[in-house]
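One structure coming up, written as structure tokens, with questions to follow.
Per-chain residue numbering starts at 1, and chain names A, B, C, D and E are given in the order in which the chains are listed.
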Amino acid sequence: MSYLLRRIAFYVFTAWAAITINFFVPRLMPGDPVQALIAKEQGQLSTDAVHSLYVLFGLDKQQPLWQQYLDYWGQLLHGDLGLSFTFFPTPVTDVISSSVPWTLALVGVTTVVSFMLGTGLGVVAGWRRGSWVDLVLPVTTFLSSVPYFWFGLIMIELLAGPNSIFPSSGGYDPGVVPGWDIDFIGSAVQHSLLPALTILISSMSGWILSMRNMMVTVSSEDYITVAHAKGLSDRRVMLSYAARNALLPNVSGFALSLGLIVGGTLLVEIVFSYPGVGFQLFQAVGAKDYPLMQGIFLIITLSVLAANFLADLAYLVLDPRTRKEG
Amino acid sequence: MTEPLIEIKNLDVDYGLGDEAVHAVSDVTLTLHRGEVLGLAGESGSGKSTLAYGMTRLLPPPGVVAGGEVIYHDPERGPYDVLSLTNHELREFRWAETSIVFQGAMNSLNPVHRIGTQLTDVIKAHDPRGSAQARNARARELLTLVGIPADRMDSYPHQLSGGMRQRVMIGMALALEPKVVIMDEPTTALDVVMQRQILGQLVELRERLGFSVLFITHDLSLLVEFSDRIAIMYGGRIVEQAPAKEIYTNSFHPYSAGLLGSFPALRGPKRELTGIPGSPPDLRAMPTGCAFHPRCPKSFEPCARDLPVLGVPDVPGGSDREVACWLHPVR
Amino acid sequence: MTDKTGEVVLEVDGLSKHFPVRRKGRELLTRKARSVHAVDDVSFTLRRGHVTAMVGESGSGKSTVARLLAQLHHPTSGEIRLHGKPVNVKAGRRFREYVRQVQMIFQDPFGSLNPVHTVRYHLTRSLRIHGNANGNLEEALRELLTRVQLTPPERYIDKFPHELSGGQRQRVAIARALGANPEALLADEPVSMLDVSIRLGVLNLLRDLKERLDLAILYITHDIASARYFADETVVMYAGRMVEGGDSETVTQKPAHPYTQLLIDSAPDPDRPARADEVGGEPPSLIRPPAGCRFNPRCPHVMERCKTELPPRLEIGDEPGHWAACWLYADKSAAVASGEAAG
Amino acid sequence: GGGGSTAKSNANGVLNIGMPNGPQTDNNNPYLSSSAANSLGYKNVIFEPLAMINRVKPTDPAQPWLATKFDWSNNYQTLTLSVRDNVKWSDGQAFTADDVKYTFDLLKATPGLNHNAIPFGDTTVSGNQVTATFTSPQFVNEYKILTDTPIVPKHQWSTFKDPATDAVKDPVGTGPFKLKTFTPQTVTLDVRDDYWQDKGQVKELRYTSYTDNNAQATALSTGACEWAFAYIPNAKQVFVAKDPAHYQLFFPADMALHGLWFNTQKAPFNDPALRQAINMVVNRQDIFNQGESGYFYPAVTNITGIPTPAGDSFIAPEYKGKDVKVDVDGAKAKLTQAGYTFDGNTLKDKTGQPVKLTLSDPAGWSDYQTDLEIIKDNVAKIGITATVDKANQDTWTKDVDTGNFDAVMHWTDGGATPYQLYKSIMDGDLYKPVGTPGVNGNYGRFQSPEATAALKAYAAAADDAGRTAALNTIQKIFVDNMPIIATSAANLGGEFSTKNWTGWPTTDNAYAAGQPTQPTALSVILKLRPAA
Amino acid sequence: MAISTVDLQAAAGEAAPSPRPAKRQKFRFIANKKTLVGLIILGFYVLLAIFGPMLAPYDPDARSADLLSEPTSAHWFGTTHLGQDIFSQVLSGARGVVYVGLLAGLVATALAVIIGVSSGYLTNTGGEALSALSNVFLVIPALPLIIIVASILPSVSNTTIGLVIGLTSWAWGARVLRAQTLSLRGRDYVDAAKATGESTWRIIFFELLPNLTAVIASGFVGTVIFAVLSEITLAFIGVSDPTDWNWGTILFWAQSQQALAQGAWWWFVPAGLAIAVLGTALSLINFGIDEIVNPRLRNAGRIKGKSVRMRIGFTPVLGKAVLNERAD
């Protein structure tokens, strides 16, 4: 019991620390939302508007930072994340909930696929060390060292076009109305192909690399030899004995990346104009949209912590030796 | 003598390739007969484990089998060379025909699977059609056989004591009722009660199932008691081979005699233990001639020069034994 | 022998270690936590210049006792005293201070050597940590290896553990413990993989050290004969408890506890044909150990009392210091006689 | 988005408009710059102004819209309007003078919405007459009041709890279009049947918000988007060349500037002579062609910095036709005359220090960055070593705010007259000492009491003559002091395709601005005809 | 079944005394061809980083009249919209990328190792605290943090960028290492080292660390790639060394000028490829760690020019190797 309580206290502390830091960090940044907006508009917004904006955002009254901090917690505990500045006066919750599904769908699916493919390839690459499979790693690393956006843009240039099945940007066709119908889903899937491919190709090599290295590490453990001696099929030895023991780092990495899914993949979303959270965060940072930033940070924090928890559980399941005895 | 089951012929096993190679097993010829327990004893580092793993092609890199044959006399398919099997055939051959208990048995269990799983998966691999229930029942049976309460099925290896892990491996080796069981120091961590119990079971099973055992151990008294024949290894070669009782009462090779003079007796008056002076040979720089000659109290002039070959000694009643020593010229 | 001989180095008092067992499924709901009673109420002393052998069933908690003494596990209850002072150190300087005096040889030489380090590294470290390599390190290394009969030393010094045979690894592990030059040595089956001649050499070496350096040794073994030859004192463990103790010759020649008798009888002996009355019964579960005397389900002399009451240590009386935890000896005067009869 | 819809759009009467502003949220408040209606510009087809002033030709008379007549009196402090009859809100209710009063009062009462900071006084209604008063002369704000103040329906807005923060999800306006569907990416509007005037040929408007300029450019060049306002590097090649017959750029100048601002408080840039000399070597043509891809921000050539042709009529007689030309020798001469020396290739100021110049702008602003690279190259010709600091945007904003810079590319305010641009460059009222943040204009910390007085005189002048005189004075002060080097004018432009729709404004017929977000976009949409 | 005769002669002959102590090759590492190739590429990059700016034929800033010209003999990689020589920019840009990448990679890996392994090994509050620290760092968004640090510091140098990236990107590695450490710390050899009297940090660095090489190596490669990509991202949002070119800056310009849409592939492609090749080089070098992480792989080799494939569980039988490799 006390172990459980300790874990809970641990997570609560981490969440508090992260949320606090996430409150103060953006506010340490120079500038304020109004100035950022004016700078962004480069003269399209007259300086007369400045005052109205300060009033609008409630920034005209000078509150000490700690007061704001307390207010923030007050709001937070009521489940209120405030109004976004960039999309004023839309509540942050609305802004986020409009983009989270996109990111979850795109990044979530690709993360899972990339993990599974990458780990699978890594298993084979480590198991068949010294054969042609060795080529897989440099090739995929080559692809993943290429900057996301560089790769994305080249893909757009090569694959997308007016008459191609790959649309170059957006989450769905401009004409389509979101809803659970064939048109929309088809269009959404179609629009996610290129970004998904980009994420997949550029993130897979990490999984391959770490899995391969671990496979090499465990490949000559005695229990592998025993497994061979038992006459188990090569597949079974590779998967259930070698890979199973080599899996721990990859799985913990995977759990962490699950937590970061909601954060989105900034550059890919930018390159493909994908309406996800990453892109929104990027904008929010640029616009000093504190409420939105905090909101996004909050969900990232919560999901990372949840993922961490998952990871902790995964260790226990995957490797009984990680359990603390006594 | 009963018919042979496994004939090891002139087996050479090296670690490493080319000039770097260490010849850990040289020119070993040994026959395991149907239904017999063959004890293999010898100096630590003399190549017993290497022989056992080499003949089953389980030696981890950089081990290589440099030559020789291992003929398995399959009662159904006739004799064939185990070293020539394809990987696929080898897989089917393993465990079903020969199972092996590794020396590091304590370490050879997969740390992330429960011991129950590890027992059942070998059964499953060779009999994919059996039911999970049957497999579980069998696994419990095996654990009880080796004296582990069946409620330990769900334990992970690290939760078991050294001896318990060894016993799990022994149980696993018997899972498929193979024709040959190779056991490399399987009882180092077992108390004598348990040891006797398990070996007793083994002997009983052997009588019932008719399998053969290659038993590697340092415990000579155990060998004398349980095995039919004993082979003694020294410096990568077999130096003597004889029925168990005969070796004990009348060993030919000075090294065997030295071993017997080194073990303490539990009963009777404490006697002075002699031991064998000198140190084991360096496999990279083997002494010329007989490898034991630098330590041999009886060495004489041919020993340092010529390698004695293993053969039936020219003595009365020695027809069922072999020795490689110039003191005992072969027939 | 110097005047320090006989001085108590390590003292163990009422030591217990229970390992929690993970609850599964249904059990999670009930609050009862199960545990493996690996060691229960173990007490003994290690003296300078003395070898105490510990024999007993596989899984009876011998290694656990050694690990407890090495401070690698922490006792559920009971106390360990070094030179009379209670110790319970987890890490840090005090821990190192402790291990400088108490070294352990692990049971499993396949697991206790780091696969990525060579023999040289392992030995150098043990010499260095405890400042025993002041002079010529190379010389010290050679000497260590030679002592454990890994000769010529050059051949082994730069090998990785996986390049050694089981016995060779075991000797490296011994050399490592010796390198630290301890006062007490906890040797967990140190020679189980050695052939008899080398085993003899190593045991002689230990005996020599014991005598010259007044080492206190805990010698855990299954080779009762070697305990007889090598140890001054022998304790017997069964299912987590000590069941008998006394000087080695007495315990091996006149075993008092029925389990010890069973043990001695079971030891292989080429000179004696195997006894017909085969051992019966199974080792007890340590998760739910039998009530009363733990040996009662297998004991040929079992009495009603054995099933309910835990027997205390009872003096046998044949030799000073010989005791057994068995109700057979409850009646002191009768004890001597029946002890003999049972043997 | 896919290109499939382009071919059909004309048949269905669809016009595809785009802006590179990223995902939008459903809010249609025309007074919030953050609302989708504002950001994409469709507020202009829902809400209508009182009158339409074309900023491309600011001196043209205003075209009556919801007001049929408007008169200024009391030295531009009173505005009298006649409100149009027969106008219906899109929910069927009649549009009345009360709605105008409501709008004015709303802005007065809600500073957060009063984005033009108009000093509204009391507003009264009698019949279809509205009389609005202001607390100061509003000559310079005429455009903002008449054209940039969309009228909102009282009957809907008065139900809002807080008009500033209530999302206007269901906008009711007098304009020809009404909201059909909203998605964060695309907003679709339908034409109304009961619009008060000819509703034109466009049946449906689709506003798509692209994530950034690149996505917008791609959409334009594939034809998926037919009208947009975005910076496209090398637009002539990337966009126009894809379909030269149809793809067009229309980028008229606005009365606002982009230029190199000096920190006029910092030596040696506090010396007008140095600034003038630099002015003489900056190659505006290169900036226009390379930095602005030859179209985006039209080059400013007149020495007064007044953008042409929009501001032609404002230029003082003495400066008419006086264009700046690159004149390295002239600049050198000027510098030597002012006491500077040349040590080999290095310019040394009066104290003998080499003149060094740090040019900074946020890294992401690639056109400014290009401009700076060009300027850096240019000033090297007169021995000034310049470095370009690709600053972080926030740091840069802060530095500009506190006057911690040598020189930056920056913009000015704009308006229908040059008053706003000069005011934001030289107004002493906006002055804040170096180190004090919160400047709102006059980023260069320029101090000239005469300029401040002249600006005041212009805003408060009772007649045109007074204004002309004041403006001439301002121009002279500007030319003599050169507080900024005006390189480019802001634009009112847009990219469009004539493939499906014709009737767009052109240089010759600049009846409206090119930007789809300008109020005049409504005029454009009403004028479009399907291409043959 | 044919029984091949064993070449007794050969067996005896090879046993000839050669009392050579088992020697260990220090640079076995390089014996791996892939590793060698990787090292050569990396070496080339390092040379570029050192000498690149000197080798550049033009001042990378200098404008010329050749606007946006494609590769010619005068401009090998063509020019930018300002007429700057892209080849010179690529050469001068190597320094920033290699330096920042390696610096950040080293800093992050070092932190990950120290914090991750300690938090996995230590059972006390210290371990928990370190674990909480890495959790917090996982959650803190790196981007704003980097912007803040960059805007607080007076000048942004490559060192700053490298350090900032390194200091913000270690948490992931730390978590993964922690997991693996949890599994390792119960091993007998760790207990044995402890019982020998090794100090905690020594156990961490000398007993656990070598066994974590696999994870660390992949983490390092990953972090360097991540650092390089971050640096480019930073160049986008304006955090870069103003005095220096790096490939990120080149790509930034290319991207903001829509090089691809303009058909100016030469502007876009070289820098991206150069980055990718750097990553590939690292992954090739990674092959060299196999023998470190798994000493048993050290002795695999060839005999008489023919390589013998060592396979765990299937000991090669010399002369029958081909046979054994058949069908599996």
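By definition in this document, a residue touches a chain if its C-beta (ideal position, glycine included) is under 8 Å from a C-beta of that chain, and two chains touch if they have at least 3 such contacts.
Here the structure is a predicted model, which means the values were calculated and not measured.
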Labels of chains that are neighbours to subunit D and to subunit E: A
Farthest chain relative to subunit C (centres taken as mean CA coordinates): D
Chain separated most widely from subunit B, comparing mean CA positions: D
A-B or B-C, whichever has more C-beta pairs in contact: B-C
Whole-Å separation of chain centres (CA-atom averages), subunit A against subunit D: 38
Whole-Å gap separating subunit B and subunit E, where each centre is the average of the chain's CA atoms: 46
Intercentroid distance (Cα basis), subunit D paired with subunit B, Å: 92
Between subunit A and subunit E, centroid-to-centroid distance (C-alpha), Å: 23
Multi-partner residues of subunit E (at least 2 other chains): 22, 147, 151, 186-187, 211, 213, 237, 255, 261, 293, 296-298, 312-314, 328
Per-residue multi-chain contacts in subunit C, two or more chains: 19, 108, 110-111, 155, 162
Multi-chain contact residues (two or more partners), subunit D: 218, 362, 393-396, 398
Touch list for subunit D against partner subunit E, complex: 214, 217-218, 221, 232-234, 237-238, 290, 362-364, 366, 370, 373-374, 376-377, 387-396, 398
Residues on subunit C engaged by subunit B in the complex (per definition of touch): 19, 24, 36, 55-61, 63-64, 107-108, 110-111, 149, 151-152, 155, 162-168, 170-171, 189, 192-201, 204, 222-226, 228-229, 252-253, 262-264, 266-272, 274, 278-279, 282-285, 287
Residues of subunit B that touch subunit C when the two form their complex: 15, 41-46, 48-50, 60, 103-104, 106-107, 144, 147-149, 151, 154, 159-164, 166-167, 185, 188-197, 200, 218-222, 224-226, 248, 258-259, 262-268, 270, 273, 275-276, 279-280, 282, 284
Touching residues on subunit D, where the partner in the complex is subunit A: 1-5, 16, 22-27, 32-35, 111-117, 164-167, 181, 183-186, 206, 208, 210-212, 215, 218-219, 222-224, 256, 258, 362, 365, 393-398, 401, 411-415, 420, 424, 440-441, 490
Contact footprint of subunit E on subunit A as seen in their complex: 6, 10, 13-14, 17-18, 21-22, 25-26, 28-30, 129-130, 134, 137-138, 141-151, 153-154, 156-157, 205-206, 209-210, 212-214, 216-217, 219-220, 224-225, 227-229, 234, 237, 248-249, 251-253, 256, 259, 263, 266-267, 281-282, 285-286, 293, 297, 300-301, 304-305, 308, 311, 315, 319, 321-322, 324
